[in-house]
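Shared between the two complexes below is chain A, which pairs with chain B and chain C, respectively.
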Partner chain A sequence: MSTKGKSIYGLILDERNQQKGNSADQQYFYLNHESAGLQYQVKFVDAQKLGIELDYISIKRNQSLEEVAEINEMLSVQAQKIQESVTFLLEDFKLLELDKQNKRAQLRSYPPYADDDAKYYYEIVLDEGNAVHFQRYQFIRQEKRYAKITSQLTAETFERLIDSLSDLLDS
Partner chain B sequence: MLLNIDNDYNRFRQIIKGKIKDNLKKYISNGEMVGRKGKDLVSIPLPQIDIPKFRFGNNGRGGAGEGEGEEGTPVSGQEGEEGSGKAGNQPGHHLREVELTLDELAEILGDELELPNIEPKGKKQIVSRKDKYTGISSVGPESLRHFKRTFREALKRQIVTGQFNFEKPQVVPIRDDFRYRTWKSTAMPESNAVIIYMMDVSGSMWDDQKHIVRLETFWIDTWLQYQYKGLETRYIIHDAQAQEVDRETFFSVRENGGTVISSAYNLCRQLIEKEYPPEEWNIYTFHFSDGDNWSREDNKNCAELLKEHILPKVNLFGYGQVESTYGSGEFIDFLEENLKEYETLVLSYIPDKEAIYDSIRDFLGKGK
Partner chain C sequence: MSAAATQADILAIQPEIEAIAASYGLDFFPTIFEMVDYDTMNQLAAYGGFPVRYPHWRFGMEYDQLSKGYRYGLQKIYEMVINTNPCYAYLMKSNPLVDQKLVMAHVYAHCDFFKNNYAFAHTNRKMIDEMANHSIRIRRYIDKVGLEQVESFIDTCLTLENLIDYHSPYIKRHTNGNGTNGAPKPKTVKKLRSKHYMDRYINPPEFLESQRREIESEVQDMPSIPASPERDILFFLMQYAPLDSWQHDILSIIREEAYYFAPQGMTKIMNEGWATYWHSTMMTEKILTPAEVVDYAEHHSGTIANHPGRLNPYRIGVLLFKDIEDRWNKGKFGREYENCDDLRKKRAWDTQAGLGREKIYEVRKMYSDVTFIDTFLTEEFCREHKLFSFAYNRNNKRYEIESREFELIKSRLLQSLTNLGQPFIEVVDANFQNRAELLLQHRYERVELDKNYASDTLTNLQRIWKRPVHIRSFLEEKPVLLSYDGEEFKQKWISDN
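Then we have the complex of A and B:
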């Protein structure tokens, strides 16, 4: 079982405490970390022992694929894996767009959560088979536009998410 | 006084048109109610129309009964039984389908939405020549020889000259009897128009969104066909790549690629440059998308294509942004911010079917 999530979360807590020490009114924190050929960038609002208010996660593999056909094949496999394994966020994922020309895949939670005023969904974008980006969005009906919003995740959920996304790029 | 049935018929048509006009918003939002019947007819279900009919009075049938039996005795002589059926709990449906021509429907649409008639662009009028047979001449090509008139001339000549034998009638035309049809060519100014529809068929555009586009295009077609005779229609679909398709494919195709809107604008530009010189054609372009373009860079490409190659050449570029399951993207805002000075650009936000009515007014209300 992967322990990447646990170690990243530990680093996040350290980073948060360190950056908070530098500036008490800091609005966002960043973790940039490289481990086993993967570059992690996590932007978050706050993190405590039990949970995190997350903005986004970006993970990139240093080694990139060359062949377009190989990349698109990889994107399909990764999209399938996400749909099967990232099932712990209360919203399942669906592959919406697989852009073979630009070598990107876009998955969103399906169905999106909706209340009277807005719709909410997670989005995972897979880029060229060697990068993955996770973000939550909100569509406010009145304003007719999307906005990036934060996700509130327990520490355990966050760790599972990091493990699942890292596994995509490991394979 | 005898009344012509045409009066009643026309009065009835007026009532029907009035009913349709009253319910137009419902018909626009529920396109399945409007059925096509052939090329030029549509059928529309109309509730609550009382059809005039004869009603028989009671003349000669009234009065007290005089036969045997007492009041309350069943006519059949047997006691009646209670029925076992239950009362219905659904309202009755009395729908009457009426047929209208597309021109009549367009008139109703124009009246109700107060759409101005389109003033075609200045130079686009093409002069086409139409030939019409208008007279008879004694000279002409053999292919246009008028046999009846030729024989009539021959008969007249034979009678006048005493050559006609009533006992043994025979008419033999000679060269001077020959008559030929002559024609006159008239110049007919025509306004040529083309609609180029573009639709985003990427993975985020689902059937609900395409249904909205289908309804919208039906009403746009109806109005523009009413305004221009000889309207051409072209269809472009796109995800990350664009291609031209036929109408059926346009509405039925399912793709799951990304969204690169500039691919459609590029193809549209090529189509206009190759086949529709703007000095000869009234060009109408409509693009429907959920506005979720893949990148801001591509938004800029779109703006460039529109500014340089499309907006100056078209009568109207209508961009309709529908709302997908996830909401609606930023493309409409981008166009609003960057191209608002172009009069030929019309933007319309269409969150659901109810909004189609206003959207059609947005697109066609400028009389372009």
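Then we have the complex of A and C:
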């Protein structure tokens, strides 16, 4: 099992404390980090020892694949892996579309969490087999509008998520 | 049969006809007449009247069709005039002198219409140069990316060229200057220009990162694109579709040409009616010699002949202009006339107002076909000129008179003219279901979309948008979503809201 999640979370806490020191009313914090050929980008509202209010995670592998067929094959393998391994967010993932033309796969939590006013879902986009993006969305029924929202995750869940997403690009 | 007119004949009569046209108050751009043989005329007609166009197979196809039509005696183009300053008009060399006179009088009226009608006010009067420029640009792209690719992209764009907002040149729909109903352009981090080796000093990564963050926090609430439905779909695609620069340029060329030709479609009845009105007035009052009367009458009656089941724009246009002139000359307008219940009195109404000429000049300036028909097509006119609405009878497989009812005839006619008889289609969401899919909306007015056209349009839109495209419409009076995802065409019944 990868331990990248733990080290990234450690860096997030450091970054948060450092950036908070620079400006007290900062709305978002960012972590940009590169390790073992992977570029991590995490945007978050706040992070404490026990949990994080996360906006998005974006991970990119420096090497890219050339062959279109190879990329599409890789995307379907990665999508399968997500459906099998990312099962700890209380919402399972389902592959919505594998867009072979644009070399992109889109997974969303299924079924989405719903209350009277809105539906909420996680989305993972796999891009060209060498990048992955994680974000939570809300669909506001009355306004018929989508909005990006934050996810509240425990430190442990966040670390598992980072590990799972990193493993996708490692393989 | 009279002999064909020579160039010398044309040079001799042109100043005379021009002076006559001006004496009636027609106000036209300088007009240059070129005499061409039938083959050149067909080439020019295939090119939409312009001597230089970009290379595309459809021009060849149109030329072939025109040539065969001429050779088999099915059709003949007497003249062609293009909306430029100066106006260029092409006359068929083989026309006898009386026909050339008629055509020249007709052309001056067209030129007057181009210059003065509001619909043409925004058109580029130097379009010959612009078309040549388009041709050069497209030829360069052919050299750069290959004929096959460019031609196939032009084919795709041409199938979408009617997805423009015909009224946008006359209405300010966009308030923020970026052109898409207030939807902001996607912002990107702008780097300062620098040499490669200086880049990290001129554009330090921390600076770019802070810029990116600033933009990101602005777009967090995901404004919908477009902010309000957008009818100029070609413009929308230019703004938001993932196009290469050459594709973007070709799309802009197709759009520009579509807007240039649009006023001609919007004023077909008026423009031809106006030209016919003036050639008949000038010919019968001032130009014709006694020996030419029969030839003229034969030609003119052919122009305004009634074709059963078809609308002849020359006929309806000229009759309406004559009707307007007559009504305004006799004072047959206004509340008093409209409220008069006595049909006999109405028929004999004549206040000697004498405002006919003035009125038709006003109409030629301020109206397009839709408003022209809507305002001036009266029940009396319909009855007098035996206008019917036709429909296809499935039982005997023939077109038959469907109705003599004025309201129905008028609404059918208006329907065929509004938006050039094409359905109203708008882009309503470029991020449908939050998946970068394109959603269009068909404004349903009791006329369904032709499913074959709809599927072809969606296919070509998908080719440009590169993501699934959908259109919301109605089939069998039920709301439906038609979709194309690049592989398969789907139809799904949806709820009304």
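We take it that the second predicted complex is superposed on the first by the 171 of 171 C-alpha atoms of A that agree within 3 Å, B and C clash if a C-alpha of one lies under 4 Å from a C-alpha of the other, contacts with A are read in each partner's own complex, and residues count from 1 in each chain.
The rule is short, and it goes like this: contacts are C-beta pairs under 8 Å (C-beta built on N, C-alpha and C of every residue); 3 or more make two chains touch, one makes a residue touch a chain.
What you see is a predicted model, and the numbers here were worked out from it, not measured in a lab.
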Clash or fit, chain B versus chain C on superposed chain A: clash
Chain B versus chain C as contact partner of A:119, first or second or both or neither: first
First, second, both or neither for A:95, with chain B first and chain C second: first
First, second, both or neither for A:132, with chain B first and chain C second: neither
Which superposed partner A:106 touches (first chain B, second chain C, both, neither): both
Touched partner set for A:145, first chain B, second chain C, both or neither: both
First (chain B), second (chain C), both or neither touched by A:59: neither
Partner chain in contact with A:43 - chain B first, chain C second, else both or neither: second
Footprint overlap on chain A, where chain B in one structure and chain C in the other make contact: 96-97, 99, 101-102, 106, 137, 139, 145-146
Chain A - residues contacting chain C, complex: 27-28, 30, 32, 43, 96-97, 99, 101-102, 106, 123, 137, 139, 145-148
Interface residues, chain A side, partner chain B - complex: 95-102, 104, 106, 108, 110-112, 119, 121, 137, 139, 141, 144-146
Chain C to chain A touching residues, read off their complex: 209, 213, 216-217, 220-222, 224, 431, 434-435, 466-467, 486
Contacting residues of chain B [partner chain A, same complex]: 202-204, 239-241, 256-260, 294, 325-330, 332-333, 349, 351
